[in-house]
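After this come two complexes, each holding chain A, first together with chain B and then together with chain C.
Take a look at the complex of A and B:
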């Protein structure tokens, strides 16, 4: 093989892939099987003990539930908004409007998190201290459990919808005009037009957007971290926040790695299902 | 009975007026072909009939009813697009019956109608396939089927054959003509291909720069073109057009001269007719002849042997001339030959390119 000149051409790629993907993943797998708690001496192979502990802890199931809720609601709301905005702006030539919509995308999630945290703050925030009380909503969103989850979903939707909007807009603009004209000649209403032409022809774009979204939602960390740190209680503690707590508050690197492996498996399976379901047929 | 009538239709895109006052009528059951070079506005007119574009001024009538502002879905028109516009995610049957589904027709009735139309177009075996699994010609037929299914008042075809190869184009041309005879519905067909226009049309409407230049049966336009544009647009190969000057006039007889040629004597319709500035002779009225019988001498550039005939291209002092010769005619590039015309069938044009003689009796 070493005599084959072709080998030397793909060696750099192989090395790069090995260094940035295969090695860290392998290391994660090894960590997940190790007893590795920083405050305790010694690092040793411990079999599936980390996984056993993880699957027996209430906070894991709690975080999984929060993650599922967060994933579901943020995704649904995001898709609806992104689709409506893309439909509204598909024929618009106004670059300003489009830029305004895309703006949140270029704001780092940390900054977005802080912005929303201050907006919703019950004592000084524009929304929390001023607008909500004015319409009779006397709630401090961030300090009650369901309010906090709603808040992070709102902030996340605000921050990530533009990405989906861009995917949808590109897909919409790629649908040939003839399809719309043909269906209009066939007497379709605007709603029929959407379900007969637009949505079916956007199928792969929707699948791609969903794929990105699921991975993105499961991995969201910094936005929630700066807004609520997973609280109040465990109300907004998603799996990634649980991982952070396990590693950097409880110093249990092995346990955090086990959680990481579980998340990797879940993400890969859901992505695989979506890929098989939507992309192949499309 | 008039099926579709356009009355002084105008349309501009920004500062550019693309349709400059087009009026026209299609009789019930007539096959009308709009033909003209790219950008002449023929597709725009078709789209206005379909309701996909709104004219800036003028009226559109279907029968006696004003349809100018009626939305496309209410016009009961079947349109076949150049791209076919078949929905990739639907089967052939679903594609054909979209209009019925949108109108709330139950599934079994839709299927029945799809089978009926598919049989007519020889698509019965393909009903459950997706468009991606069909050949170009089959897709074309599905697109036509989709238009037939809804039993429209008129069919509109927007360059439907341009995505097909030459052999299939000829075959589909015949099929569309046969379909027209079978269902006898008004058809309006847009193309830039003069052969399609000549072979399919009951009536040709020839457009240039947003205006109707001439309309009539294919033979009328071929034999009596109103001007140089029509004369050179219709016919393949193109009509030979040479610049001439009248050297003497005696009533209705004029002696014409052209670069490098002896005089040609032509008859004008009346003594008042303006002097011809150019003469047009179709390749079939042009001959390669023995020296002494010809008008012009020239050099053969190429000879195209088509089997049924030979097209001889010659370079003369007056310009390039194409002559259609019998299949056994032997010609070689570089040969010096003489070119003769059937002057009785020549077309004469004035300084503005308008025809000054016509051939009504032919």
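Take a look at the complex of A and C:
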């Protein structure tokens, strides 16, 4: 093996990722079993105490629920929206519309969050203070719990749909024309055509998009941080935000690490299932 | 519209209506951000909103006077360091990966994919402790290193898809002429791959430039990046919208310059790379 050039070409990457990913992950496991409060002097092994505390705290279940709701609704809306846009633009020759639609892709989520917060604000926002009241929708979305979650989802859909749109568009354009000719001769409607030809052929693209989406949603932090900081109350506090609060506001590194372990396990299992089901054979 | 036979007028109308709603939904916030950056502070907060106003560019000059220049410098340092590290590490690794076969190659690819899929949050807390331990907290190099967790697997993945399309015969010919593997990579492969290398570099740069969470946790004052500086304005008492908007607009310039070039490869790299 040491004679193989490929080993030496790959080794630096292995070492680098070892330092920034593998070692930290191993260290996370140890931290999750330790009593480790930044503001207290001693760090000691504490068994499963962090996990016990975590599974007994109401805020953990709240955050898990918020994360699940957020993940589910943002993903469904995003997929439908991205698919409709890809279908509408698949034969379009002009790149202008496509470029316009993917523009949010290069806008940092911090900026996206800020902009939507500003638009939806009930006192000064273009939408929240002017357009919505004009059409009789007099709600201050960011300051009521379900409205805040809806706001965060809108901003996230805005910011993340373009990526999914690009994946779907590439997949759509890769479907050979003759597949459609066949069903069209059978007199299929556009909707039938979509469900019998298009969607089955896009299976792996949808799986990839879904996989990226789930990881992305679980990692979402700044958008929510900037828009609501997890509030009002705990209405938009996802697991990432809870983790950040545990580690850097309550200074409980052990507790945050335990949460990190739980998140790691959940994503690994769900990504593994999706990978095994859709992508291994593709 | 390619004009299908039998496509009804209603279908085209529906498509046009949907597209105009979608495009306005996408573009309006950007437009509003841009307008906000050239309003006065009171003008930006006016209800009903001002559509016609005297543009005021003082927010842009305040970027210089209110200490944001340092953040731009830090962001640039971090993003460029990250691009160099990613390329130097990733190019040989990706090349080696495409010249492997069987189980090893499969396992390494899967491992890279799983690194990319790990929740960021699980890595951040230990990295924070690690960097604090070796005194790297609040330095650009810490953030650039941390960004490798995402950019390195991403870059290797995109490069693998591309390198695979370069015929192995080219390697063989050069090897027969007595070239070493490093020379093959440097003299034969890289010149062919130049456009792809540029795209990957751009995507990595934009990612690093825009990334928030790692930069936010690993820095506090000295090495604040632009997104972190923008977010910290959220906490300030006075809501200075024109300044936030101006900083945001300027921070988007590098990405906007590159987006035309990189757009296509984001899909071919991230999406198709997994499908194929």
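Simple rule for what comes next: the second predicted complex is superposed on the first by the 267 of 282 C-alpha atoms of A that agree within 3 Å, B and C clash if a C-alpha of one lies under 4 Å from a C-alpha of the other, contacts with A are read in each partner's own complex, and residues count from 1 in each chain.
Just so it is clear, a residue touches a chain if its C-beta (ideal position, glycine included) is under 8 Å from a C-beta of that chain, and two chains touch if they have at least 3 such contacts.
Please read these numbers as outputs of a predicted model, since none were measured by experiment.
A.B. asks: Answer with first, second, both or neither: which of chain B and chain C does A:197 touch in the superposed model?
C.D. replies: Only chain B; A:197 stays clear of chain C.
A.B. asks: Quick one: is A:48 in contact with chain B, with chain C, with both, or with neither? Answer first, second, both or neither.
C.D. replies: neither
A.B. asks: Chain B or chain C: which reaches more residues on chain A?
C.D. replies: C
A.B. asks: Taking the superposition as given, does A:221 touch the first partner, chain B, the second, chain C, both, or neither?
C.D. replies: It touches chain C, and chain B stays clear.
A.B. asks: On the A-aligned overlay, A:80 touches which partner chain: chain B = first, chain C = second, or both, or neither?
C.D. replies: neither
A.B. asks: By the touch definition at the top of the document, which applies to A:185: first (chain B), second (chain C), both, or neither?
C.D. replies: In the superposition, A:185 touches chain B alone.
A.B. asks: Looking at the overlay, what does A:176 touch: chain B (first), chain C (second), both, or neither?
C.D. replies: Touch partner of A:176: chain B, not chain C.
A.B. asks: Overlap of the chain B and chain C footprints on chain A, residue-wise?
C.D. replies: Shared contact residues on chain A: none.
A.B. asks: In their complex, what parts of chain C are in touch with chain A?
C.D. replies: 1-2, 11, 15, 18-19, 22-23, 25-27, 29-30, 32-33, 36, 45-49, 85, 88-90, 92-93, 95-97, 99-100, 108, 113-130, 145-146, 148-149, 152-153, 156, 181, 206, 209-210, 212-213, 216-217, 226-227, 230-231, 234, 239, 241, 244, 248, 251-252, 255-256, 258-260, 263, 266-268, 270-272, 274-275
A.B. asks: Using the touch rule from the top, collect the residues of chain B that touch chain A in their complex.
C.D. replies: 50-52, 71-75, 77-79, 81-83, 85, 87-90, 98-99, 102-103, 146, 150
A.B. asks: Would you tell me which residues of chain A are touching chain C in their complex?
C.D. replies: Those in contact with chain C are residues 5-7, 9-10, 12-13, 16-17, 19-21, 23-25, 27-28, 31, 81, 84-85, 88-89, 91-93, 97, 99-112, 114-116, 118-119, 123-124, 126, 129-130, 158, 162-163, 166-167, 169-171, 190, 204-205, 208-209, 211-212, 215, 218-219, 221-222, 225-226, 239-240, 243-244, 247-248, 253, 256-257, 259-261, 263-264, 267-268, 271, 275, 279, 282.
A.B. asks: In the complex, go through chain A and note every residue touching chain B.
C.D. replies: 176, 178-179, 181-188, 192, 196-197, 200-201, 203
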